[in-house]
Amino acid sequence: MSTLTRSLPLLAALLALVLFPLFGSSFYVGLVTRIIIIAIFAMSLDLLIGYTGLVSFGHAAFFGIGGYALAIAFQDASVIHLWQALPLSLFAAALAALVVGWVSIRTSGIYFIMITLALSQMFFYYFFESPRYGGDDGIFLFLKPVLMVGSEDILNLDHENNFYYFALSCLVLGYLFLVMILQAPFGKVIKAIKVNEHRVRALGYSTNGYKLVSFVIAGTLAGLAGFLEGAHTGYINPAYMSWHESGVCIAIVILGGVGTLYGPIVGAFIIVLLQNFLPEFTEHWQLLLGGIVIAVVLFLPRGATSLLPRIRSLIRMEKSISLSQEEKAKGDADG
Amino acid sequence: MELSFYLVQLLNAVQYGFLLFLVASGLTLLFGIMGIINLAHGSFYMLGSYLAYWLTGVTGNLWLGILLGLPITLMVGYLVERFAISFLYKRDHLYQVLLTFALILIFNELQQILWGSDVHSVAIPSLLAGSFQLTENQSYPVYRLFISAACIAIACGMYWVIQKTRLGMTIRAGASNREMVQALGINVNRLFAFVFSLGVALAGFAGMLAAPVDSVYPGMGENVLIISFVVVVIGGTGSIKGAFVGAMLIGLVSTFGKVLVPEMASVMVYALMAVILLWRPQGLFGRAA
Amino acid sequence: MADAILQIDRVSKSFGGLIATNNITIEFERGQIHAIIGPNGAGKTTLINLLSGDLLPNDGTILFNGRDITHLPPHKISQLGIGRSYQKTNIFAEFTCFENCWVAAQSRINTSMRFFRPASNLKAVEKRTEKALELCGLSLRRDSRASAMSYGEQRQLEIGMMLATEPELLLLDEPLAGMGSEESLQVIELLRRLAEDHTLILIEHDMDAVFSIADQLTVMVNGRILETGTVGQIRSSQAVQEAYLGVDEETA
C-alpha cells in the first residue's frame, strides 16, 4: 500500500506530462521539453550529490560534451542517424567522465569540488578557444536525428510534440534506470559510502571503484541530456559547459530535494520557469533568482519536495489527535 | 630581442602571480580558518576594480580612489559575513557552494544596476605612466612594476602579521586546527568576521591595482576566481605559503603558455593542477587528510 | 608459538614528533582472546589501526597467516579475513539493522558491483546477513532503523556488521565502551561465543571483563609493550602493578 500511495503522485504527474501537448501551445511544449532535458541533467547530478556524496561542481562539462559530440560528428552530415549519434554522445560523455572521475575521485571534500570545477573549465576553455569547433560562437545543427525503419523516419523529431515525447521517454527511462541501480547491491553500497566511506572500506569494499562507476553513470546521463539539448535547439556552444550551468544544476537539485530522484525534476520545473518568466517582471531578475536560492539554502535545505511529507505528517497528526480524542471520548463513555 | 622578450614575459608572469596571490591568500585563509568555500570571492575582485573606476572618476585620482575604496570593501566584507556567510559555518560544503553561488548572481546584477554593462578603463596615474626602455623595441611599463612592488609590500606585511603578532598566531592556530581555537576561548565570531573582511579587502585591493592594466568589465571576477581556486588547490588549502607558490606557478604557466602555445594556454593551467593533484592529492603544502 | 595467526614485528608509528607505537613485536595465537590494555595514550588504538590498514606503519612488518599485509589498504585487509569494530559507533544510521549487515555481507560476494540482481546470489548474501544478525543477537530488530536503537544495540550491530564479513580474526576496539552492566554482560557473552571459532584481539578498559574472558594479555604503556602473558602472570607482575594497575585503582 505504501509504495502505491507513494508512487501515486508520480504517476499522476507522469500522466499530466503525457497529456500536456494535447493542451499546451507549441511554445509551452518546447519550454517543457527543455525542462525535461534539464531534469535529466539534474537527476544525473543527484546520483552524485544525493546518493554517492560527491559534490561535483563540473557536471555541465558532460552535458556539453554530449551536445558537442553530436554537433562535431554531424555538423556537415546530410542525415543524422539516431543509432549512430546517440551512442556516440553517450560514449564521449562517459569517456570524459571516466577521465575526470579517475583524477578527482582520489580527492575528497573541498578538493573534490574544486578539481571537478577546474577540470570542467578545462573542457570549457578547450572549446571556447578552438576555432575548429566554432570557438565561443559554437556549432549549428540544421537537422534532427532520425530513426529510419525502411524508408520512414519513425521519430520525426522536427515536430515539437514528437520531440517532447522522445525527451519524456528518455526522462522516464533514465528515472527507472536510476531507481533500478539504487535498489540493486550497487546502490546500497554507494548510499553507504555517502554516509561513512571509511566504514565501507573497512568492510572490504574498494570504495574508489564504486565512486568512479557512479561518476561515469552520472556523466553519461548528463551526456544524454546534452545530446537532447543539442538536438532540440540545433545549437551548441561553450556556455553549455560553463561553471554557471554546473552551479545552476546544483541549485536545481537542492531546490527540488537532494537525495530523491523526483526532487531534481521538480527543481528543474521551478528554476527553468523562473529563468523564463522572471525576466518579464524585471530586467534584473538574477537578483531575484539569487535571493530565492539563498532563501532555500537558509530555510529549506531539503528542498521543495521536503514540504510534501511535512504537510502529510501534519494532516496525519491532526487525524491521530482527533482519533485519540474519539477514543478518549469512547473510553469515557465506556467508563 | 630574444632575451629581453623573455624578461618582459617573466616580469608579467610574476606580476600576474602576485595579483593572484592577493586573491588566493584570502580564499585559502577562509577555507583554512573558517572552513568556508567562498565562490563569491571573485566578485570582491570585481568590486575592487569597479570601485577604482568609479572613485577615480569622482576624485580624479587613483590613489584617492584606492584610499576611499578600501574601507568600502572592508565594510562590504563585514556585512556579507554577518548576513550570509555566518549562517554557513556548520553547514555542508554543498550549501556553502550554493549560497555563495547565489551571491555571485546578486553581485553581478548589482554591478549591472550600479555601473551598467559597458567595458571601462582606468587611466594609469601620471606619476607611474612611463615605461622603462629595455632594448630598442622592448619596454616595460612602470605601473606594472609598481603592482609587483605593492604586492610584495602587502605580502611582507601579511607575513609579519601572521608570524609575529598575537592575531597572526591565532590565525595560524585556526588554520591548522579550527576546533582548537574555539577551545582556547578566542572570540571566534570576531575572528571570523575579521578574517573574512580582510580576505575581501585583499581581493578588492588586487582588483583596484589591476584596474589600470586590465579593463573593467562585467563578470571579470569569475575568471580570477576559478584561477584562484586552482592556486589554492595546488598550494594546499589553508597554506599561505602554498598560495604564494601556487600563484607564481600559475602566473608562469599561463603567461608563458600564452606566448608559446596560445591555443592551449588556458587548458595548461588546469592540466598542471591535475598533474600536481595526482602526485599530491592534498596540494603542495596541504596537510594530508 | 605453535600457531600464530598474526605476527607483528618491530612495528613503529609516529605522528610528526609524537611516537604512538614504538618498536612493537607481538604474536597472536589462533583461536585465543588476546586483550590489549593500558592507560589512555598508550597507543592501543593506533596499533589496531595499523593492523586494519587504517594507518600505515613507519617501520616494521605485519604478517597475517604468514602473508605480509603491512602496506595493504583497509579493504584488502578486510577481504583477507580481518574484521574490525570501532570505538566510536560507526554504523549507517539511516539504514535498518538488516541493511547495515547486508552491506557488510555483500562485500564478500565478488559481484556486488552489479546493477541487476539474480535471486540466487541474493540468497547467499541474505543468509550471511541473517546469520550475522542472529550471532550478534539482533534478529528481532532486523527491520529497525539503526538510529532508533539503544546505544547498546548499536554496539551489537557494530559487531554484527563485522561478523557479516565472516572474518577469521576480529579486532575489537573497546566493545564495552559506554555500556551499562546489563548490556556489558550480554556483549561479554557474545564475545565468548565468538571465541569458539574466531580469534579475537580486543582493547578494553573494563578490567573485570578483560580478566574474565582473555586468554592472553598485553600491557602497553607509552607506545611500548610492558608485558605479555596470561591473566595470572599479568596480575602478579610487579612492573604492571606499578605502571598501570596501581594508577588505575588510584584514579578509580
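Descriptive notes on the structure:
We just call them A, B and C in the order they show up, numbering each chain from 1.
We adopt the following convention: a contact is a pair of C-beta atoms (placed from the backbone, for glycine too) under 8 Å apart; a residue touches a chain by one contact, two chains touch by 3 or more.
Computed from a predicted model, the values in this text were never measured in an experiment.
Chains that touch both chain A and chain B: there are none.
Chain centres were defined as the mean of their Cα atoms; on that basis the chain farthest from chain C turns out to be B.
Here A is the chain whose Cα centre lies closest to the centre of all protein Cα atoms. Chain centres here are Cα means. That of chain A falls 33 Å from that of chain B.
With centres set at the average Cα position, the gap from chain B to chain C is 49 Å. Separation between the centroids of chain A and chain C, computed from CA atoms only, is 42 Å.
Interface residues of chain B facing chain A in the complex, by the touch rule stated above, are 31, 37, 39, 84, 87, 91, 93-95, 97-99, 101-106, 108-110, 112-113, 222, 226, 229-230, 232-233, 237, 263, 265-267, 270-271, 273-274, 277-278, 281-283, 289. By the touch rule above, chain C contacts chain A in their complex via residues 52, 54, 73-75, 78-79, 84, 86, 90-95, 99, 102-104, 106-109, 111-117, 125, 161, 165. Across the complex, chain A meets chain B through its residues 49, 55, 57, 103, 106-111, 113-115, 117-119, 121-122, 125-126, 128-130, 243, 247, 250-251, 254, 258, 284, 286-287, 289-291, 293-294, 296-298, 301.
Listing the residues of chain A that touch chain C in their complex gives 180-181, 184-186, 188-189, 191-192, 195-196, 198-207, 209-210, 213.
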